[in-house]
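Got some structures for you, see below.
Below, chain A partners chain B and then partners chain C, in two separate complexes.
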Partner chain A sequence: MSKLRLNGVSKAYGATLALRRGDLEVAAGEVHVLMGSNGSGKSTLCKIIAGSVRPDAGQILINDKPVTISGPQAARVAGIGVFYQELSLANRRSVEENICLSALPVKAGLFIDRQALKARAARYIALFSQVAGEGFHAQALVGNLRADQRQLVEIMKALASEAPILIFDEPTSALDRAQVDRFFEILRGLKAQGRGIIFISHRMDEITAIGDRVTIIRDGETIETLKLSDIDPATVIRLMVGGASDMPAARSAAPAVVETQAKAAISVRNLSGKGFRDVSFEVAHGEILGLGGLHGQGQSALLRAIFGANPVTSGAVTIGGERYDAKSPRDAIRRGCAYVSGDRGRDGVIRGRPIIENVTPIHYLRDRLMIARPSRLRNKAMPALEAMHTKFASLFHPINSLSGGNQQKVIIARWLIDRPDVLLLDDPTKGIDLSAKADLFALIRQLAAEGLGILLYSSEDAELLGNANRILVFNGGSVTRELTGDDRTRYNLYQAAYEAA
Partner chain B sequence: MTSTTTDIRSFGAGGFRSWLERYPFLPALVIIVALLALNGIFSPNSLSFRSLTGLFSTYLALVMLAIAQTYVVSAGDIDLSAGATLSLVNVAIVVLMERWGGGAGAVLLALALGVLIGLACGLVNGLVVAALRLQAIVATFATSIFFTGLALYVMPVAGTPAPALFWRTYGGRLLGVPFVFYALTALAVLLFLLSRTRIVTELLAVGDDQQAAYQTGLPVVAVRIKGYLLCGLFSALAAFCLTGDTASGDPLVGGKMTLYSVAAVVLGGSALAGGWTTVVGSILGALTIGLVNSLVFFMGTPSEWQNFVQGLAILLVLMAGVLAGRRAHA
Partner chain C sequence: MTAITTFFKQPLVVALILIVVLLVLGESLSPGFASADQILRLLIVASLLGIVAAGQNVVILGGREGIDLSVGGVVSLSAIIAGNVMNGADGGILPAVLACLAAGAFFGLLNGLGVTLLRIPPLVMTLGMLGVLQGLLVVIRQGIPSGRAAPGLSAFVTQPLLLGIPGIIWLWIAIGLFMALMLNRTVFGHRIYAIGSNEHAAYMAGVPVRLMRIGLFMISGMFAAIAGLCLLGYSGSSFANVGEQYMLSSIIAVVFGGTSLAGGKGGYTGTMAGALLLVILQGILTTVNIDESGRQMVFGATLLFLMLFYGRGRAMRA
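What follows is the complex of A and B.
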């Protein structure tokens, strides 16, 4: 009997299909693993089951009865408990309140039954009492806990739903070995009770340790469901990558390794900070260095730290032979460092302001402009925008009137008025369309040819393989492998990324 | 409260911080004591039982309004119409009491209706902000104008007196104890009960992280509306206290109190962004504002300088609170 079944579920955001076709069947008493690369649609699939995203088409069946899940509340009633990857905790509430938050026990229909709440929370806290670590207790505020302890609270919260169907979206990313082992013991107990469990993780060893079956999802489509006991990790990776896994991807497109010149554009020595540690590399003038690996393994943290937006704890950065420690982005910009983030809304776009104001802030800073004439600025801004093939009606239209791709072009154009020496690209193509991507990479290569040192992090492996001269693969905050020359294949990149940390 | 061994240990390490976490209104309490001392220095008489009773009966309305504001702030919202709601209830009950003859029955009936009016104002705000998803700060500013308009329709000119029975009771004594203290006791019990309700915890969870609360399965819209209903209720209670103190109706009386109520919430140690509030702090914050005002008076500040000194004093108090908070979070 199947606990949960999805038939042809799909979801589109505007023109982009987040999930083309999702078919999934979870049986009672199994741990069903979902695997797929970044942006393949795993999270969308989970959010549809959890009720926080509504599908455009398709059918959801629970215990073979069709249901509509209109929201998280409805999902809870339908018997679905969720561990959210980004955690759904109230940081200023206590551990016990968080565990019971979705269904606070009440007496007289009004007052919280503190005794019942404590007793209920204590049951789940006791499950992890051996491994929770110092400072973890029922009354502790969640915001004061360590990352792994917060993750445990989210696990307890999901368990406290006592739902027959449980979804765990990357529940182990911050946990240590002992905590994972304890969690798996509990999962095995739940399996024995006949619950259906969906499990997402990027650690291959964990998947083989706990999973019964695996469904592979690629480009928004569920490809295949297999028994984990029948297959080896290499097969799983091959399925995730698709047919052309052994071919060196886009080799004709990827430029050859640049000979290291006498002076590196930027060199990083044993750099450590929040989210990454002991990273060393050199980028030559004219070189594009790719940062690969799974999402959130320290790539963005490293780029932000070089740009002075995050603190560095130890190590050194040299730009053009000179020691460089940016204490703030302002500092970094003055020294010729440029940073383009995929999170335009947070890091780039000045919302509601005209395009010209969005192109020129860096120019203001680098040229110490106090008063500017629009006509002069225009002459500077236009070539930069044209280099990017940016489409816009007038420089004085608000930036919000542009599409995501054109907004990103404007953001990149702001760095081109005064040439930087080093360009840091932090997943720059997130959420922009294909033609804009093509324009962007054409420009990035041209900039490299003109002698800039470029650091490129991308969550899409094809972009790295097609553009980077070398690729550093990140895992758990440090570089675990360097891919050069003919080693730059899809297969190698996946394998390095999915290696157990 | 169960105090575990870990609690005791944490007192040793970051003692001040954990104290502040448990009692976020501590800085406000220290400031209150300091202000009382200053008041005592400038005018020893101001610390007499009579003066303190007077302070309470004058500022109980602001205390109530600050409590009202606290519940919406808990959920990360704000209510800029709290003062207008107060005005509307104030003029409505005064007119009704007068029209119905000013007897005990008329007073009680008018008060019951006043509570309903307050709740109705809260419901309007809740629907506009939570259900229609308009910006709380602008939407409640708009409803405040709307409520003021209604108040002006009910009573175009200030000055209609409240029945003697009402204000004599409020300002008088019962069994030798000033009525205000009964009101304070009842308020304390009410707040204690409210603090144990599910809705207060849910409000705080919503204010902490609305997306997380939604994903947890909390009815976020309903919770926020309930926050505004509580705000409306306490705004009505504030109107009762104000009517008892001023003994008359005034359609514009509450306007300037709105931002005082917001200031009181912040002075009390609550986070305006939501998720971290304390009603006790808000009460102390409101009393701080009252004490600052009386201090300015007792210091013998010339009348044309009173606003200046008052503003400066509130800024200083705010700064002291922020500095204490920053030390705790460092």
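What follows is the complex of A and C.
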């Protein structure tokens, strides 16, 4: 008998099919692993089970009975407990309150039953008492805890639901070895009770240690379900990558490096900061260096730190042979650094303001302008916008009137009026259409050919394989592998990304 | 939506129409309300408010819940400083101007430092500053004569200077031009809109966000100080809390003029119309014998009504 079964579940957001076809069967007493690369649809699948996303089609069965999960509360009632990757904790409340937050014990229908709450929370806190570390106790405020301790609270919260079906979406990313071992012991206990557990992790060693079966998702489709004891990690990766996995990236795809100057455009030595550690590399003039790996392994954090937006704890950056310590983006821009974020709503777009004011801020700074004369600015802005093939009716229309792709082109154009020496691209094509992507990469290559040093992080592996001369694969905040020449294959990229950290 | 309805939905147009309506209403209630002399007098009072509102305007445009509740305190303090420095002598006008500007800049600087370095919300920071200023006013006035306006200053504010129009109105027009140029044609102005619209994006584009914000509060303090000086010229001598009413009315004038309290949207032209509108409204309330407390109630209700009217498109807290 299966605890949970999904038959042909699908979900589209507008024109994008996030999940084409999801079939999943979780048996009682098993840990069922879900694997798939960034954007393959596994988080959509989880959200459908957790009730935060309604599927467009398909069927969900719990204990072989069809159910409709209309929202998170309905999922709880149906017996589904969820560990959320983006922690869902209340920072200003205590550990015990957080553990019981989704079902606070109540007396007389109104008041919190503190005795019952303490007793219930204590059971789950006791499970991890050996490994939780200093400062972890029932009354501690969650906001004062370390990252790994907060993650433990989130785990306890999921366990406290006592749900027959549990989903853990990357529950171990911040935990240390002892904490993971203890967690796995607890999971084995739950298995013995006949619960069904869905487990998502990117660490191959953990998957083989705890998983019974694995379902692989690729391009929004569940490809295959296999017993983990029957297969080796290489097979799993091959299935995730799909066909043509060993083909090297087309040689013509990445431009040749123009070695015009002896000095590197940018060199980074043993750089550490929040989210990344001990990263070293050099980028030559005219080179595109790709940063690969799973999402959130330190690539963005590194780029933001180089740009001065995040603090650096140790190490050195040199640009054009000169030591460079950017304390703010303002410093970085003055030293010839440019940064384009994929999160343009947060980092780029000045909403409600005319296109021209969205193109010129870097020019203001680098030319130390005081007066903004529209005619002069127009002459500066037009070539930059044209280089990006930006479509707009008037420079004085608000930037919000443009499509997402054109907005991103405007944001990129602001770096083209005064050419930078180093271009940092932080997943620049997120959420933009295909033709805008093509325009963007054509420009990036042209800029490389003109001698810029370019760092490119992309959550789409094809963009890295197609454009980067070299790829550094990030895992757990540091570079675990460098792929050059014919090694730049999808298979190698995945393998390095999924290796145990 | 046709061009005509768009035109009539612009806050500036709405304010101008309301100005005409209120003038007609005032004239019908009390003949002579809209006479040339009366309108000049209303313009003088409006320019005092308009000058305070210019500073309020830039602070609000800068976003992050920017607001300056201490303007009224600075106006009062500045009137007292000016009165004591010039003490009825024309030779004291220039030192008084400098002293007032310095005081306004100083309290603006404190506001700005509190908001940026200590991360105190502007609402709390400037409200606290208002309390400090009110206490300071009581201390200063103990046993010391409050001083008198120099004749030259009074003439500047109340007597015709050029084309039969008093100097203060010319000053207001000059400030209007200055504000329009600053907001639309300088890098500083574009950056005010940038930090008000998306502070993080502005930071990532190299805008010195903290320095800008401190500057905006200093501008607000200095405009309030100029208004306090002129207010002394208008009333001849200063009295305690002479500037009290400007806290609420400067905010209403800015909102009336179409500047969003969420920041990043609006301008000074509308604020000027808003200031004029408020002063006319105040005049009408006076002619129908509604006293100060009643006027305050009407003003407060006006602000809440405006929020209802303009605030629907976008939540106040971004």
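One rule holds for everything that comes next: the second predicted complex is superposed on the first by the 492 of 501 C-alpha atoms of A that agree within 3 Å, B and C clash if a C-alpha of one lies under 4 Å from a C-alpha of the other, contacts with A are read in each partner's own complex, and residues count from 1 in each chain.
In this text, a residue touches a chain if its C-beta (ideal position, glycine included) is under 8 Å from a C-beta of that chain, and two chains touch if they have at least 3 such contacts.
As the structure is a prediction and not an experimental result, all values here were calculated from the model.
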{"item": "Combined model on chain A where chain B meets chain C, clash or fit", "value": "clash"}
{"item": "Contacts of A:Ala309 with chain B and chain C, given as first, second, both or neither", "value": "second"}
{"item": "Contacts of A:Leu104 with chain B and chain C, given as first, second, both or neither", "value": "first"}
{"item": "Partner chain(s) touched by A:Val349 [first = chain B, second = chain C, both, neither]", "value": "second"}
{"item": "Touching partner for A:Thr489 - first (chain B), second (chain C), both, neither", "value": "neither"}
{"item": "Partner chain(s) touched by A:Ala50 [first = chain B, second = chain C, both, neither]", "value": "first"}
{"item": "Touching partner for A:Asn91 - first (chain B), second (chain C), both, neither", "value": "first"}
{"item": "Touching partner for A:Val82 - first (chain B), second (chain C), both, neither", "value": "first"}
{"item": "Interface residues of chain A shared between complexes with chain B and chain C", "value": "none"}
{"item": "Chain A residues touching chain B - in the complex, by the definition given at the top", "value": "50, 52, 71-73, 75-76, 82, 84, 87-93, 97, 101-102, 104, 106, 110-112, 114, 118, 135, 137-141, 144, 157"}
{"item": "Chain B residues within the chain A interface of the complex", "value": "2, 4, 6-7, 10, 21, 193, 196-198, 201-202, 204-205, 208-209, 211-219, 275-276"}
{"item": "Contact footprint of chain C on chain A as seen in their complex", "value": "307, 309, 328-330, 333-334, 339, 341, 346-353, 357, 360-362, 364-365, 369-374, 414"}
{"item": "Chain A-touching residues of chain C, taken from the complex the two chains share", "value": "184-191, 193-194, 197-198, 200-208, 264-265"}
